[in-house]
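Two complexes follow with chain A in common, the first pairing it with chain B and the second with chain C.
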Partner chain A sequence: MRAWTDLDDFQTFIDEGGIVEPNDDMPDEFRQEVFRFVEFHANSELMGGLTERDWIPKAPGLRLKQIFLAKTQDEIGHAHLLYMVAADMGVKSRNQMIEELFSGKSRFHNVFHYQAVTWADQVAIAFLVDAAAFASQRAVFAECTYGPYKRVLKRIVAEEGFHLRHGEDMLMTLAEGSKLQHSMFQDALERWWWPAVQLFGPDSDPNDPLLKWKIKSERNETLRTAYIQKFVPLLQGYGFEIPDDELRYDDEAKKWVTSEIDWEPLKATMSNGGPDSRRRIADAATNWADTAWVRDALDAATINREAA
Partner chain B sequence: MSELSAAALSYLIAFADDEHMIGARHTSWIGMGPFLEEDLAFCSIAQDELGHAIALYELVVDSFGSSSELVTPIDHFALLRPAADYRSCSLAEAACDDWQDALVRHWLYDRAEELRWAALADSSNPALAAIALRSEREEVFHRAHAESFMSRIASSGNASSIALITDSIQRLLPLGDGLWDPPDAEADAIAEGFVTESSASMASKWKQDIAQDIQKWNLPVGLEIQIYLNEAAPSASSFGDRLQRSEGFDQFLTSLQAVISLDPEAEW
Partner chain C sequence: MTTTTSAGPRTSRPCVTVDQVRSTLEQVFDPEYPDISVIDLGLVESVEITPDGFTTIGLIPTFSGCPALAMIAQDVREAVESLDGTTTVKVQWLSSPIWSTERITAEAKQRLSSEYTVVLRRKDGTLLCPVCGSTTVQDQSMAGPTRCRSIAWCSSCRNPVEVMR
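Up next, the complex of A and B:
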């Protein structure tokens, strides 16, 4: 077990490329911040899976249904791994995290507080939203000084890369498909563009401890700007219109500039007051309560078996 | 691409529709299992069942193609037929909105699948025999999954939990009869070696398997269930099960068609 004399000593360790492991006597500030971040990530993976479940039964093909099931299975699998990483930090148990999430006490990514209204929304999530989440996760993986999180992120980033390629295929299918399909995606883009941009969050606090401790490797605004530079021309290239009247290309800076971002919708989601937050959380909570008997029975069976 | 007899097609469509409906029904549980590991497991099972449906539908559609030059995309055949043209059984179609029903149906259905794939493993159609061997390898895990849950709940000593699954068995087991409603011209399919065992014969074995499981788990099922399981032949009520759609099927099919029917000519 490694220990540090104070936060300056710990910072030197981090600055020299150190990786913290669960059995280290890490500073409590670091433990709490990393736990909070991993718990938020785990909650988001789980609620992301629930966001996509509405349209999977209606997938317009059996192979597509298999693919979207596999994708959602990956997301729930990521949540599973992340909850274990978080639980090992000794702050909350996995059940406590899940029960707090389903009771509306915890936070998860803004994009998963919105409802997928049509199949094209499913595609928008698979492409726009996953790309935003992928960029964030990759930037965390790049440095990530907490060992168990970094190892789990390696797998998550690899799987999300597959999701993204599939999302792009799905986007191309709608973009190059019938007039109805093109128009469906345009409508979905109008619903999902801003939430996807807002996912990166407002500009980072200069004193963000997660940056200082190299859990995050990039500032929010850096990632957000890079996302906009990539996706504006890509979506326009497919003939879609970005829902931003003030969007312009700055010739001098050679970059796309959006209108001023309204952060109120993001703030609403962070207090579970987004457009679909109530239903999403209530469905999950009802199901968790309805299936409590299974968990209880399995626990009882384990106790009986151990006693025998 | 090979042209299949009417009897063979009828047999394939019934099994493919069962696999499609069970996979589609399992799909509705994604993210709603009792805990995360179970979500992951049940989701895999749903994907496997849909994969079996795809493999069987491919044989059907390939046969149509060879006989009529009409290339029918699998998804059109799987999703866009009128409700009356489906040949799935009631057990596969049932909604099973409570987790105990989804579990009991999974156990009953996968117990039957073991017999059904075995009856195709030596099929005179080599492509079908290969699908049967591959599918049965997956089904071993499905049965282990169902067995694990059923036996652990049964051994929990938790009376209310045991009552929940026992009640599900009482309600769903009679629907299982429909699994053995023989597809049209089954005797011809047997005569040509397409399938090697009759539905009636499999029904008898299935009932024995189910009875043994119930006894092994010491589940307190009612007398009528015990009598039913002791009857060798399927009950008369099973005949015609595949020709009539169960309650709620039309609504379910409409939901499955929600996207593809927006533009059936489009590629999705």
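Up next, the complex of A and C:
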């Protein structure tokens, strides 16, 4: 077990490339910040997995159903691993985290507060939204000073890379398909472009403890700008129109500049007041209640095994 | 099982060898492990090349429901097609033998453990923690993020561990 005399001493350890482990006597401020971040990530994987699940029966064709089945298992598995890491930090139990999530007291990624209307929305999520989440996770993995989280992220990042390839495949089908398929994706793009851009969050606070303690390796605006540079030309290349009248290419700075981003929709989702928040949370809560018998049966089996 | 075939240009160049194909496949990585190859995982069962360069690669899946099969077959086919001296490349998923973790190379097992915190069960059924090396690893859930992995927990170093099965 390692311990630090004060926050300055701890900062030196971090600045020298140190990785904190669960058995260390870490500063409580660090524990709280990391816990909050991992809980948010776990909640987002779980809510994302439940969304993917809704699309298994609706995915066109057996191969895509198989892919959605696998993606659902991936996200729920990621949530499981992350809840294990979070619960171990001793701030909240796993049950407490899940019950708070399903009673609408917790936060999760903004993109899971919107409704996927058509199959093209699901493709936009797999292509645009997953890419945004992937970029932000990769940036966390790059440093990530909490050992167990970093180890889980290593596998999450590898698996999300695989999802992105599926996203690209699905996008190509729509982009190169009929006029109807093309316009379906254009409609979906209009619904998902801004939530995907907003996923990165507003400009980072210069004193953000997550940056200071190297949980995050990049500022929000750096990741957001890089994302816009990549996806604007890519989507335009497929003949799609970005839903932003003021979008322009700055010849001097050599980069794409969007109109001023409205952060109100993001704020609304962070208090679970997004367009589809209520239904999403209620569905998840119903699912949790409906599956209580499985948990009861597992608990009973464990007790019986221990008694035997 | 699925088969993907594509016709490449006919050439008079000498045929590729099985060794060339296999060493190319060492650079074809599993879509979920960016640096572990199809050879490392023991997915490549057979490589056959006819005198005129018709190449058939027999692969076996880890799990038949694995969502990465189509992508793996495509990656394998493209990599072998890019070799000089192949004419037609055919990738087949074989229904036997059945894949098991014993097919993973020792070096890949080591890397799965040290880089990905993914371990294999030992012969006596126990698990060795890939992080701290202790034997205090308990199974948690049969269902992990993928078909081929379950979840365990090391109570010594307090890390989740995934188990290839």
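One rule holds in what follows: the second predicted complex is superposed on the first by the 304 of 308 C-alpha atoms of A that agree within 3 Å, B and C clash if a C-alpha of one lies under 4 Å from a C-alpha of the other, contacts with A are read in each partner's own complex, and residues count from 1 in each chain.
To be clear about the criterion, contacts are C-beta pairs under 8 Å (C-beta built on N, C-alpha and C of every residue); 3 or more make two chains touch, one makes a residue touch a chain.
Quick caveat: nothing in here was measured; it's all calculated off a predicted structure.
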- Message: For A:R165, using the defined touch cut-off, is the partner it touches chain B, chain C, both, or neither? Pick first, second, both or neither.
- Response: second
- chain B versus chain C, judged by how many residues of chain A each one touches: B
- Query: Taking the superposition as given, does A:E190 touch the first partner, chain B, the second, chain C, both, or neither?
  - Reply: neither
- Task: For A:N304, decide between first (touching chain B), second (touching chain C), both and neither.
- Result: first
- Item | Partner chain(s) touched by A:D276 [first = chain B, second = chain C, both, neither] | neither
- Message: Quick check on the superposed pair: does A:R155 touch chain B, chain C, both, or neither? Answer first, second, both or neither.
- Response: second
- Message: Contacts for A:Q181 in the overlay, against chain B (first) and chain C (second): which applies, first, second, both or neither?
- Response: first
- Message: Under the stated touch criterion, which partner chain does A:E143 make contact with: chain B (first), chain C (second), both, or neither?
- Response: neither
- Task: Report for A:V85: first if it touches chain B alone, second if chain C alone, otherwise both or neither.
- Result: second
- Message: Contacts for A:P57 in the overlay, against chain B (first) and chain C (second): which applies, first, second, both or neither?
- Response: first
- Using the superposition on A, tell me which residues of chain A are in contact with chain B and, in the other complex, with chain C. 63, 66, 69-70, 73, 76-77, 80
- Mind listing the chain A positions that touch chain C in their complex? 21-23, 63, 66-67, 69-71, 73-78, 80-81, 84-85, 88, 147-148, 151-152, 154-155, 158-159, 161-162, 165
- In the complex of these two chains, what residues of chain C are touching chain A? 31-34, 65-68, 70-71, 115-118, 131, 140-141, 143-147, 149, 151, 153, 157-160, 162
- Would you tell me which residues of chain A are touching chain B in their complex? 46, 49-50, 53, 55-66, 69-70, 72-73, 76-77, 79-80, 83, 119, 173, 177-178, 180-181, 184, 284, 287, 290-298, 300-302, 304-305
- Task: Within their complex, state which residues of chain B touch chain A.
- Result: 20, 23-24, 27-28, 30-40, 43-44, 46-47, 50-51, 53-54, 57, 74-75, 78-79, 98-99, 149, 152-153, 155-158, 160-161, 164, 255-256, 258-260, 262-263, 265-268
